[in-house]
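Two complexes, one shared chain (chain A), two partners (chain B, chain C).
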Partner chain A sequence: MKKAIVYLNQFFGQIGGEDKADFAPVLKEGLVGPAQEFNRRLEAEVTHTVICGDNYMGSREEEAVQQILDALADKEFDIFLAGPAFQAGRYGNACGVICKAVKQRFKVPVLTSMHVENPGVEMFSKDIVIFKGGRSAAAMRKNIKAMATYANKLLSGQELFDAQTEGYFGRGIRHQVWRPDQKPAADRAVEMLLKKLKGEAFVSELPIPELEKVAIAPPVTDLSQATIAFATSGGIVPKENPDRIQSASATRWGRYSIKGLERLAGGEYKTIHAGYDPTAVDADPNVCVPVDALRAYEREGKIGKLHEYFYSTVGTGTTQAEAARMGQEMIEYFQNEGVDAVVLLST
Partner chain B sequence: MKLEIGNFPVKDIVFGAKTCYSDGLLTINKQEALAVVKEDEHITEADLEIVMPGDQVRLVPVKEAIEPRVKLDGSPLFPGAAGDLVRAGSGRTHALKGCSVLVVGKHWGGFQDGLIDMAGEGAKYTYYSQLKNIVLVADTDEEFEQQEQQKKNHALRWAGMRLAEYLGRCVKDLEPEQVEIYQLPGITRRDKALKNLPQVVLVLQAQSQMEEPGYNDLFYGWDCNHLLPTLVHPNEILDGAIISGSFMPCSSKWSTYDFQNFPTIKRLYQEHGKSLNFLGVILSNLNVALEQKQRSALVTAALAQTLGADGAIVAEEGYGNPDADFIACIVALEDAGIMTVGLTNECTGRDGASQPLVTLDPKADAIVSCGNVSELIELPPMERVIGELQSLARDGLSGGWADDEILGPSVRKDGSIIMENNAMFCGDQVVGWSPKTVKEY
Partner chain C sequence: MQMANLIPVATTVGANKIVPTISIPYPLGDPATSPQEQWKLRYHRVGVALDALTADIQEQTVFKVKY
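Here is the complex of A and B:
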């Protein structure tokens, strides 16, 4: 039989109320409080209950997490369940923190449940599955049932549906699915349009997420002293593409020395980007990475100097997440090597 | 404008002495058909195969799909692209239904080419596994692009059009089993009942990203890159005025067959006179320069407003850079007071966690999503491959790769494959067939 471990706060773990909120974590064998209901609903045995005070977790998070992870290290378990935390903010935070840590360390599925107004939803719904729970303990049985139903499907390898169908908060992870009714997109589009025209309610299949705006950087105070670097998503590389950067959906990037070069010579540099017409760039790579122009600025004293390397990857089909990761990796070099400003070159 | 499409359902296809159609059986004289293919001296090798739904066959690199048809008045099927410039969209066209001519490279694939599995788990990823297919598998002397990731595929695509027209000719003088009639009177000549319904336009954003000729969709032979949004009768689209290009990652591409059978046009026709007045199609494009994107969005909105549209559906043939055109067009239409629904696919990354379109706007509040290009797909070996399996890995197909640190190569020694949905032949079916959507997990 599969095994489960349940996490509770001091109150539901029957240690005490607010006065016991500083209670240090313990791992108890067997079932405490709501762990019994989990045990009844799950097609798995709840072997242990972890109990930790909400304030202890809130004020000494690192310590609390370490203590719990250490206690769990020699236990066998297939799933970890925390809460339900209802609308209790500190409890929600604790469930989120410990679920995230357990998932990362032990690679087992973790589940919790919170009311939509619990701040833990905003904090952790991208990282873990949080079921949509009730406001108070009155919803205990219902919320445990929802978690257990999903847990049972997970443990037995049954098909799992999307967040809305299953009843948890979406994690911002989008995958294609085949509609059970096979209704073609043409019908869906025309029906949606008719509803929109009539002022009736309709559901967009791609809800627009909140946009992450990147603030525009302040101007460089003295260009004549500044070291300027180039970074491009235009796929300019030495002709043998030494870092094997992919032509689309890139996950790799490279940096290439331009020390002593007046310009990038066609034939020695080229683009490997598959999303635009390469003719002009291959003939003269400086139209994408204008080494020639910044060398002129260098001579004229308009800029301090051009950084020794240019940085390159491919933008076509490359996901925002990969692009952000590659950007972060490049930033380390820029910062370590005294780059003051970067010109981002698109295609 | 009135277009009649006479349908000849194809139940089986065989090779035989004479190319003819009788009682659902399409017989093809292979020699004669191949002679039509080889009219172009650039075709160096060619063969025909017949593949049926359920056959243990994998096709790759697939370049194009075309429905075999004939115009009864002798007009060319694809005016301006393959034949004289005459108007498309009226008169009588006969069509062999339930089948398509698939054009497959014998060796060389490219960014824009795709894969079709006729059976098994892979079959669900493309519309074309449901069709009976006449497969032209051929090679050309276009050596200048053999090693290029982007291929114009000119000889092969035009051979496909000739073959489709040749096959269609066998039903020219026969009585169709059923006739579809597509007729819309001039916009100002419509009766009052129609004028009282919501006025709707369909905006098609055809692929036009390449500056060099030979890659983009062609409208009466005209490169869509050089197009300003223009008003088109829907019948023209259904009747060969536009042919597919050779550029977009394949699951986002619209084949010529897709244009000939455009499901969203047919669906709007069904609603015409009942719940809406279908004003027509605004053909727009997906150019890469920002100014060109803005211009196309503004002209589209101005055209729609001039026509008196209340609502619009905007469909995008592509993803990534073209998302900017898609969102700009929706925003321009909404700003003009025209209620708009978008029809597109998404690119959320292999883990599904990335932003679904390159650009987004809260005004794009009604979108139908047809698939995720970056979904990873793993498929077992197939008994038979038509074309060359290695092309998926070797030739830079948008959903294939030569090697990957974690996933290994797209094509494995045992013939099993791992790829992105990107390379499924016209797989996201944004023209309106898609039974897929995208859900949040």
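Here is the complex of A and C:
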């Protein structure tokens, strides 16, 4: 029998209401509150219930996560379920935080459920599976059923479908699938176009995520003292492609030293980007990663220094979620190595 | 700041400082032109991009290029 652990806040964990929101996390053996319904629906045994006050998680997150992870460290479990959190913002945040941490530490599937207006959806839907839940506890049984149905499929290794079909918020991940109807993309696109022309409803297979506003970076005050880095989604790599960056739908990126180089030599660097004709870039990679021009500005003193590495990945077919993650990973290097500003070039 | 050929895409995904490049397969130098011309264009546009880093802007801005 597979094993599950459930996470609840102080209210659903039957500790108390708002006055108990500072309740420090505990791990209880057996079933508390909604854990009973999970246990009934799951083809797994709920062995423990974690209970933590929402304010405790909100204001002492690091401590709370550490305490819970420590308590779970010697427990065996195959899946971790939190909530449902409905429209409760702090509970949604808590479910998101703990699910993300448990997933990272124990590599088990994590599931939660929230109402679309719960801020936790915006905060965590890219990281974890969040089922589309109701506004209030009136939807408890229904929301638990949805989570448990999916959990049972996961645990028994059944085929899983896309977020829309399964009923959770999309994570911005694309999978390649074989369609049972074998209808090619061109036919589906033309059908959609015809529907659009007739003014009929249709559902895009590639919904564009809503624009997230990026704060404008403060200007560099003295360029002549600044260290500048260069990054591209044009897929320029050393010819061996040492990081095996994919030619489309990339999930990997690399950084490559240009120390002492005046320019990128054709034949030594190339593009592995599958979305454009590589002829020009392979012949002269500087048309995409302009090391020659940047070195000229470094010599003239317009910039203080060109950073030792250029950064590269492939932008074609790459989801915004993956791109954002890779960007975050690059930022760590920029910050640790004193880069003041970055010029990006997209192809 | 972002150098991009598809300005509407760069705008839509939220880039704040944008400098145009000339194409997708050769952003900073048309192989049909002479090496001198390619260098002039690349040197110029990279310079505009570097200057853009120092610009104090209040909204999304597409910087103008001469070459």
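In this section, the second predicted complex is superposed on the first by the 208 of 347 C-alpha atoms of A that agree within 3 Å, B and C clash if a C-alpha of one lies under 4 Å from a C-alpha of the other, contacts with A are read in each partner's own complex, and residues count from 1 in each chain.
In the analysis below, contacts are C-beta pairs under 8 Å (C-beta built on N, C-alpha and C of every residue); 3 or more make two chains touch, one makes a residue touch a chain.
This is a predicted model, so every value here is computed, not measured.
Enquirer: So, A:279: does it touch chain B (first), chain C (second), both, or neither?
Expert: both
Enquirer: Please indicate which partner A:320 is in contact with in the superposed arrangement: first for chain B, second for chain C, both, or neither.
Expert: both
Enquirer: One more residue to check, A:173. First (chain B), second (chain C), both or neither?
Expert: first
Enquirer: Could you say whether A:303 touches chain B, chain C, both of them, or neither, answering first, second, both or neither?
Expert: second
Enquirer: Just checking: does A:217 make contact with chain B only, chain C only, both, or neither of them? Give me first, second, both or neither.
Expert: second
Enquirer: Does chain B (first) or chain C (second) touch A:189, or do both, or does neither?
Expert: The answer is first: A:189 touches chain B but not chain C.
Enquirer: With the two structures laid over each other on chain A, which partner does A:246 touch: chain B (first), chain C (second), both, or neither?
Expert: Only chain B; A:246 stays clear of chain C.
Enquirer: Does chain B (first) or chain C (second) touch A:290, or do both, or does neither?
Expert: second
Enquirer: Looking at the overlay, what does A:201 touch: chain B (first), chain C (second), both, or neither?
Expert: A:201: touches no partner chain.
Enquirer: With both structures superposed, pick whichever of chain B and chain C touches the larger number of chain A residues.
Expert: Comparing touch counts on chain A for chain B and chain C gives B.
Enquirer: Please identify the positions on chain A that touch both chain B and chain C, taking each partner from its own complex.
Expert: Of chain A, residues 208, 211, 275-277, 279, 320 contact chain B in one complex and chain C in the other.
Enquirer: Considering the complex alone, what residue numbers of chain B touch chain A?
Expert: 111, 124, 149-150, 198, 200, 209-212, 249, 263-264, 266-268, 271, 275-276, 288, 310-313, 315, 319-321, 339-344, 346-357, 360-362, 364-375, 396, 398, 401, 403, 420-422, 429-441
Enquirer: Across the complex, what residues on chain C touch chain A?
Expert: 1-6, 9-10, 12-17, 21, 24-31, 38-39, 42-43, 46-47, 49-51, 53-58
Enquirer: Help me check something: in the complex, which residues belonging to chain A touch chain B?
Expert: Residues in contact with chain B: 160-165, 170-179, 182-190, 192-194, 196-197, 202, 204-209, 211, 244, 246-249, 274-277, 279, 316-317, 319-322.
Enquirer: For the complex, which residues does chain A have touching chain C?
Expert: Contact set of chain A toward chain C: 208, 211-214, 216-217, 219-221, 223, 226, 228, 234, 275-281, 283-284, 286-288, 290, 292-294, 296-297, 302-303, 320, 341-347.
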